[in-house]
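Below you'll find the structures, each written out as structure tokens.
Presented sequentially are two complexes of chain A, the first with chain B as partner and the second with chain C.
== the complex of A and B ==
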């Protein structure tokens, strides 16, 4: 089995899921706008944009700020569910032992089959927000902002792959049937400053946010919300930082996940 | 009759104890998601009006929690009940599966109580606001009961539909999510005629009553009597539809058998 086959399998899985489960596809399209509408609707009915700018301490557009936040938060959740959540899902449906004895390592199978699915769903999500961003910022500025968001989603995926693989091995090890991911994932997003900037969090929370890859992905995406042209130096700095974190997380995942898989092969995965 | 009621209550209490990690999981998941979204929303609120906003948001969230838990924990449980083959077992023993489903009020209520207490503590600590300091306790209880009855009926309607056909779970979540947007709308900012139309939307009137009871007059509480009348009439309509659809579904099921296409 070649790696291309795994890539193809991942893509085909999603395409057929969309084709056969239209309700799931429609709900996938609706979610980003529902989250955005909830935050902006409630925020604007209870408060005002000038308060927002004052609290955030930056001259930014609240709508693009929350478009960027929603887009990256949903993409990050997608990666964490798509890789770590697969362990639980496969355990529930009884296919985990088959994945464990497949020719490729479990982590490789999970990651490689997931990458095309991530790119497809990210592309669909950004396509959904494109009309709104272009409407708010015009063709030139809007295109730059979309490019920044796409860059953040793509570069941000790499450290998250290693991070999620680490979580997958954790789920293999604890053999927990209840879905711990459903509350761990929003906690990760909260510490990463998904909707509330990480620099406004208490000191102890900021320490945690520094080690999470999603913190930097969200910060990179939010440069799109700055009014005027984005600061290229800041973007380059964040891309460099994410590249460094990618190496750290993926290397750690390579070592740790290997041990977790060996343990699961030895003791069983039920 | 009494034996079956006791058995149903015992079933749901013992399940709550046996699946304690899932119970804790449900509470934590709800609390963390709410907090995550609320922190973003509160960025818009000026410091001077933070107290009243946090309180209004808390009671809107409570209303949403009731709607969401009752529709998914009661309506959604039918899928599980069908897939384990329990519907046939209960019908053969002369017990309506809907009576068993109604017992899900226990886990639903427990999750609401624990998660709201948790949110109240967190908001109190973070924003120094006493969200539980209510003005009219009797009206709070009444609006809560009306909201619960409406949500329970909705959950039972959903489970009776799911006996005959499948319902995509995601669509129900989306409907619940869209409901928050409607519930947060300030009635006082609408012209009186539009206000009445708004209150006629399911759950809107009891939620408005709950806000009056907890936050205060909201501009002398306009449309108070209209909201009360609509809440009571709407709850009765919901109950009648709920009972009717349960009866029809049971008759249909006895004629055609259980269709194992569940809710989840």
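== the complex of A and C ==
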């Protein structure tokens, strides 16, 4: 069995769903702007733009900051929904058992079929924000920021895969039916600094933010937002940090997800 | 891996399975309850046969099917599909089985029948022209092409079409063993008949081994080469349908169609009949009334018929029809399980 066929299965499913359900496609296109409005609203409700600049300590445009945060927040939400939420969605429509009897480990099936959707939606999201970023930063700086954002979104996906697989196995094991993700995701984003820089959060909240992979992805995006020219040292440091977290989360996921799957299979969660 | 015997497609040995459920007590309290779903289930399914797992609701049919499909782990016991252990070699088992667990759900509503099959085909490792060809073949085989339904959205399908698509998916990887859980559940009689004919054709013309669960005795009788009767998590009989019927060849079936007055409940009536006759009995809703069925010896048919008729008269039930019939699989089931419909 080739994993590339699984990747194609995921892509095929998404293309069919978009083709046959235009309302879903249109709402997907509108979604980034709605989230931007929400994040801008929440971010600005903590203080006005000048106090924001003062606290962040940089000459940074809050709009650019929040566009970057929105893009990364969307990508992070997408990974968590795409993998963990997939368990709930497929359980609701009854396809879960048929997905699970694919001749792979359950976590492999869920993750690999999801990756094309992530790349597709990330590409669409960045495409949607491209005019805004270019307009505010000019062609040269805007292109650099778009490149760093794409890098952040792509590298940021890897630790999130393990993180979401852990969450998915937890949902399977506890036979969760309710939409836990809808209230957990905003909290994760808040602790990760999507609404306000994580380093300005209270001490106890920063402890939580350190263990969330989204914190570093958003930090990378934030770097992109205030960069006038690429600060390669900072970017390399963050990419290295994300690579380390990727290893930790995916290794943990590999060990824990197997146990979660076994528990779910023992209790008849499918 | 079990040393494979060419004649055994499925082997189940002493399978046990319990579920833990919790009964809510107040806001935070709960009582733990252990439900034994399987208590030492053992059977073999021969290659190329249609094997029926027959039992009432809650007998353990779906649990058995889920264990064989690698979706559920047994508490103890062993099961093999084509020699592969369903617990330790789950991935290998998944490569040789086709599964249908529910005819009503299990597909993406916004995809057409063909698109659903293409997606699941890729999920199961097929690709390219081979997949397209196979999808065309199975759509044709299950009759969806003839019905012009292959490119309709799944959400527009009738239950009969959904059932056909479910069988089509089970056939997709051209599996040697098909595991189908209640494939005709909820279907109208013509659709159920067509699907049964299709399953027989698949088994006998395509050489597949088909394990099918049902609580429909009539279906088991016409569809299956052999059946296992399962009740309360135990196999109570296993044989060819003819041989099972032979076991009660010395019995006949007394069937009475009756209408009940509004103040009489079916359960109280049936328990009175059971108490008076001392015989296992079954009751079915039929033609606006109820068909009472008692398996008896031909010698005592006269005596028991008068006894039951008298009882019905005392309960002010009108009798529409009385018949004495040759035993059917349904009668074997009643005799073996003492099962009542209510």
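Assume the second predicted complex is superposed on the first by the 254 of 270 C-alpha atoms of A that agree within 3 Å, B and C clash if a C-alpha of one lies under 4 Å from a C-alpha of the other, contacts with A are read in each partner's own complex, and residues count from 1 in each chain.
Throughout what follows, a residue touches a chain if its C-beta (ideal position, glycine included) is under 8 Å from a C-beta of that chain, and two chains touch if they have at least 3 such contacts.
Remember, it's a predicted structure, so these values are computed and weren't measured experimentally.
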First (chain B), second (chain C), both or neither touched by A:236: neither
Partner chain(s) touched by A:38 [first = chain B, second = chain C, both, neither]: first
Partner chain in contact with A:266 - chain B first, chain C second, else both or neither: second
Partner chain(s) touched by A:189 [first = chain B, second = chain C, both, neither]: first
Touching partner for A:51 - first (chain B), second (chain C), both, neither: first
Touched partner set for A:66, first chain B, second chain C, both or neither: first
Which superposed partner A:109 touches (first chain B, second chain C, both, neither): second
Overlap of the chain B and chain C footprints on chain A, listed as residue numbers: 21, 24
Touch list for chain A against partner chain B, complex: 21, 23-24, 26-27, 30-31, 34-35, 37-39, 41-49, 51-52, 55-56, 62, 66, 69, 176, 178-180, 182-183, 186-187, 189-190, 194-196
In the complex, chain A residues that touch chain C: 1-2, 5-6, 8-9, 12-13, 16-17, 20-21, 24, 93-95, 97-105, 109, 113, 262, 265-268, 270
Residues of chain C that touch chain A when the two form their complex: 19-20, 63, 66, 69-73, 91-92, 94-95, 97, 99, 101-102, 104-112, 115, 118-120, 122-127, 153, 169
Interface residues, chain B side, partner chain A - complex: 19, 21-22, 25, 28-29, 32-33, 35-37, 39-46, 49, 53, 56-57, 168, 170-171, 173-174, 177-178, 180-181, 184-186
